[in-house]
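Each structure below appears as structure tokens.
Two complexes come next, and they have one chain in common, chain A, joined by chain B in the first and chain C in the second.
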Partner chain A sequence: MAATTASDTGARPVRAGRRPRLPAWLGTTPFLVYIGIFLLLPTGIVVVNAFRSPSGALNLSSLTTPFESPDRSYFTGSLELCLISSVFGAVLGAILAYAIASGDPDGTVRRLYIAVSGVLAQFGGVTLAFAFVVLIGPVGLLIHASWFYTFPWGIAVIYTYFQVPLMVLVFLPAIDGLKAQWREASDSLGASSWQYWRYVGAPLLAPAFFGAALLLFANALSAFATIVAWENQIAYIVPQQIYLAINSEVGLSNVNQADVLALGMIVMVAIIMTGYAFLQRRAARWLR
Partner chain B sequence: MAAVTSVGEAPLAVPAKRGRGMQAGRRRRLNAFRYVVFTFFALFFLLPLLAMLRFSFEGSTLGTWSASAWSQIVSYQGPPPLLSAVEISLELGVLTSVVTLALLVPTMIWIRLRVQWISRAFEFLCLLPLTIPAIVLVVGLAPVYNKIRHVELSALMLFWAYVVLALPYAYRALAAGLNAMDVKTLSEAARSLGASWFTVIFRVIAPNMWQAILNALLLSAALALGEFTIAYTLLYNNLQVELYSIDRNTPNASVIFSTSLAALIFTFLLLLIISYAGRRRRRGMR
Partner chain C sequence: MAKLVAAAKKEGTLNVIALPPTWANYGTIISTFEKKYGIKVNSANPDGSSQDEVNAVKQENGTAAAPDVLDIGMAVALVNTNLFAPYKVSTWSDIPTAQKSSAGLWYQDYGGYMSVGYSAKFGTITSMSQLLGPKFKGAVALNGNPTEANAALNGVMMASLANGGSASSIAKGVSFFSELKSKGNFDSVQATGATIKAGTTPVVLNWDYLNLPSYVGVSNWKVFIPSGAVLGGYYAQAINKNAPHPAAARLWEEFLYSQAASGGQNLWLAGGARPVEQQAMTSNGTINSADASKLPAVSGTPVFLSQSQATNAANYLAANWAKAVS
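Now for the complex of A and B:
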């Protein structure tokens, strides 16, 4: 980067002689304007409105309402669902990723599972809820699970369907990064399989594993379509209540509830992504 | 792991015979473990899809077979008719991908060529929508869309927001394409032959990354086809919202399964094109 700026400044006097030039960064203005209007402005609106009372005065109650009833229940609901689905997704996905990594690196099974994971990690939305209703719901072909409409377990099972493939995509590179020589070294020193995993494999993979689990957590946090198609009467998690707050006719006494809830989600995501970035850096130390 | 067992067949300190026995045992256990895992996950991934397939062939009474749900994709009379929602989603896919590319391709090449110092901030902005949940974005977008609605009511206006959602995916696809070629040498060669910056971007660099552009195009289109949150919350009707409202009016109507599957297969084909193009590129580079 330093080299480019140096050559830029070096070239400038020659060109400046011809005609006055606009700074090169102006070429990015269309993009910046677009992002400004449709990404930064909306985020700014959320943050500003969250701290504003309906009359427009500064209002700091948004710092506490997420911890009070009823808002608190949506946040605990979100946390429960994200925790369960990301733990299940991370553990199952890690097992699948290990099974994939331990096979032929150019094999059909590996290529198939990676391609399928790429598709299924994006497969959420209302369709996924439909699929599970007809598999294990009240009209299910496989079983009629009595717990299908209970929160959080019923919906967590559905979420696992897109969490596992995401885990495979994120975690597989880390497992592939385990060097064969490390296993050989521990074998030749007489370590058992368990000792290898306890003292070499697990510590090496731990940062990558927890980082991936955090990513799954964030993924579940922002999912919305699936849970709406699963249950539309009761709001269990924050996104559902945000929808109700935006679109209900009766919530006029608390018009900025949506902003407060949304700000809460931004804070949660910020914390998660900071942790993720930290763990990624730890993981990159050994595995590459 | 296959590499481990073949390379480390006879570790130095361990007697060869015992070593091989241990390796064979470990490999057998590993293979058994792999088959169990693969079978379990194949069932886990396939069964919901198969259940949908079965229900898409459900007749008027439970347990009978009929293909009528598949012809209903074009004939289902909403209100609003299903086909109009399909059209809107397809048009949104085209609009979103075209606008995303128009916004990103020139900007990314320009940054690579002339304003490298901005590239980290640019990458951060492009990946930001991955971390901001769509439902949060929608809260802030609602006032913006109230302004847009004064001008134009059509659901096609959703593309403004969809471009933002598509940015991270398109960015990564395009960045991979840009990294795979020597942008500096190409642009210096073109410039020294008298090409304008416009020519460099659109006639030299862009044609060299057409596969990355295709990837970005298809990913953005796939995203727009599957979007629900923003459309539903802002009370627009696209394909996903339409499927949801059909299901609310007539629970488990077989037409929602045939349409969902058709949309899935369509998206799958889009992604298949990507992986095919990607494989050809990799082979070419070898």
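Now for the complex of A and C:
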């Protein structure tokens, strides 16, 4: 890598003199405009409005509401659901990814699993919840599972359905990065299989594993349509309450509450993604 | 009238908003109006909400694209009367007094009563209390969350009326649903056409025009209005006071409130909605009696929630609903 970069920079001034070049930042402009309009601007509006009362005056008192009832219950609900679904998703997905990685790298099974995971990781929302409701809901075709409407377990099962394939997709490259030579070296030095995993495999994979788990956590945090199609009568998690606070046509809408709740979610995502970036950097040190 | 028609034809266009073609027969109503007067109807945002309509009036004010006429929910209409132009259609006196603004700013157009739609596999149901029976396990659903959706709030209010409550208190309805939940009969998904077709919501509380077999598209579907719990809900018409096509807007209202065989009132009725002049039309014989007989029977005096009763109900639900059904 280093060698090509050096020769690249060496060659550049010669070429630059021959034909006019567009400034480098121009290429990133569409991306920056896109991010600006669809991510930064809405985020900014939400943050600003969270600090304002409905009449527009500065208002800091609403910022404590996420720590008070009833708003606190939506945050604990979100945390419970994300934690359970990401732990189950990460563990099951990691096991599945390991099984796939230990198979034939060019085999049909591996290609099939990756293709299926790619599809199922995106299979969420109303369709997924509807499928579960029809199968095991109150008048389910298959069975009527009595736990189906207990929070968070019923909905966690539905979430796990898209978390496992996502884990396979993001964790498989990390397992593939474990070099066969490391295992051979450890074997030839007389280490047992347990010792290999305890002192080599697990420490190497840990940052990637926890990073992927955090990604699943964030994935579950923002899911909305799935839980609304499952349970429309009770708000358990933050996105559900944001929806009610914005949409009530019976006079209960409270946009300020929605902004405050959304700000709470932005803070949560910021913490998670910082942790994710940190773990990714740790993981990248060995696995490339 | 002839002058109005001429002026409207000169404008040549009418902007309507939030009128789904499958809702209350609006597809036919629009095409009949276009054919009859040769005026082009621009239908914007057919699936929009009442609030979307008001937002469009404000945001597009002064442009040629602004909505001329509105078909709007009462809660939204009453707080936005400053956007409306007064107008009284020629059949004004046939609209019941309680269902129009005396100044002519808004006038209810069509609506219906809260009803119970159910799969025919349950036999015949005649009362709300039957829904507490063991054969309705996981079967009873609302059209939305009552703290959010008006149809669902009225579903709970109907249960309240059926259990001795009054329009001023929804508490008995909430306790009915609490009992329904504890017996395992309440299904907390939102009932939609898809859930009814899939059979996951075999009993649905909804407005009768949304609960007719022809509307839900399921043949073995029945509907009844509980006796003594007749809860009405009507939409209203209003004209944008800055309408880009003021004459066409007024002609449209005349058409909608026309009692002719192919006028708006009978066309709404053909779509399963109850036109606001139904009573007068039944007396003067202009009603399409074949279509009228297809509507579920009503026994008892209809109740309409006032603005303050609806607000009271919503506030009670905000404090008690989630607890009652969890």
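What we mean here is this: the second predicted complex is superposed on the first by the 236 of 288 C-alpha atoms of A that agree within 3 Å, B and C clash if a C-alpha of one lies under 4 Å from a C-alpha of the other, contacts with A are read in each partner's own complex, and residues count from 1 in each chain.
Convention: contacts are C-beta pairs under 8 Å (C-beta built on N, C-alpha and C of every residue); 3 or more make two chains touch, one makes a residue touch a chain.
Because the structure is a prediction, the values reported are computed rather than measured.
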Partner chain in contact with A:Y161 - chain B first, chain C second, else both or neither:
first
Going by the contact rule set out at the top, does A:A57 touch chain B (first), chain C (second), both, or neither?
neither
For A:L22, select first, second, both or neither according to whether it touches chain B, chain C, the two together, or no partner.
neither
Per-residue contact with chain A, leading partner among chain C and chain B:
B
Now for A:H144: first (chain B), second (chain C), both, or neither, which partner does it touch?
second
Of the two partner chains, chain B (first) and chain C (second), which one does A:A229 touch, if any: first, second, both, or neither?
both
First (chain B), second (chain C), both or neither touched by A:S248
second
Kindly list the residues of chain A that each of chain B and chain C touches, one partner per complex.
130, 133-134, 139, 228-229, 232, 243, 247
Which bits of chain A are touching chain B when the two form their complex?
1, 4-5, 8, 24-25, 27-28, 30-31, 34-35, 37-39, 41-46, 92, 95-96, 99, 101-105, 109, 113, 115-116, 118-120, 122-128, 130-135, 139-142, 161, 164-165, 180, 183-184, 187-190, 193, 218, 221-222, 224-225, 228-229, 232, 238-239, 242-243, 246-247, 258-259, 262, 265-266, 269-270, 273
Which chain A residues qualify as touching chain C in the complex?
130, 133-134, 137-139, 144, 149, 228-235, 243-244, 247-252
The answer for chain C against chain A in the complex is residues 49-51, 73, 75-76, 137-139, 142, 144-150, 153, 184, 186-190, 194-195, 198-200, 202, 310-311, 313-315, 317-318, 321-322, 325-326
Interfacial residue positions of chain B with respect to chain A in the complex:
1-4, 7-8, 11-14, 26, 30, 33-34, 37-38, 41, 44-45, 47-49, 51-52, 54-55, 103-104, 106-107, 110-111, 114-119, 122, 125, 128-129, 131-144, 160-161, 163-164, 167, 222, 226, 228-229, 232-233, 235, 240, 243-244, 247-248, 252, 256-257, 260, 263-264, 267-268, 271, 275
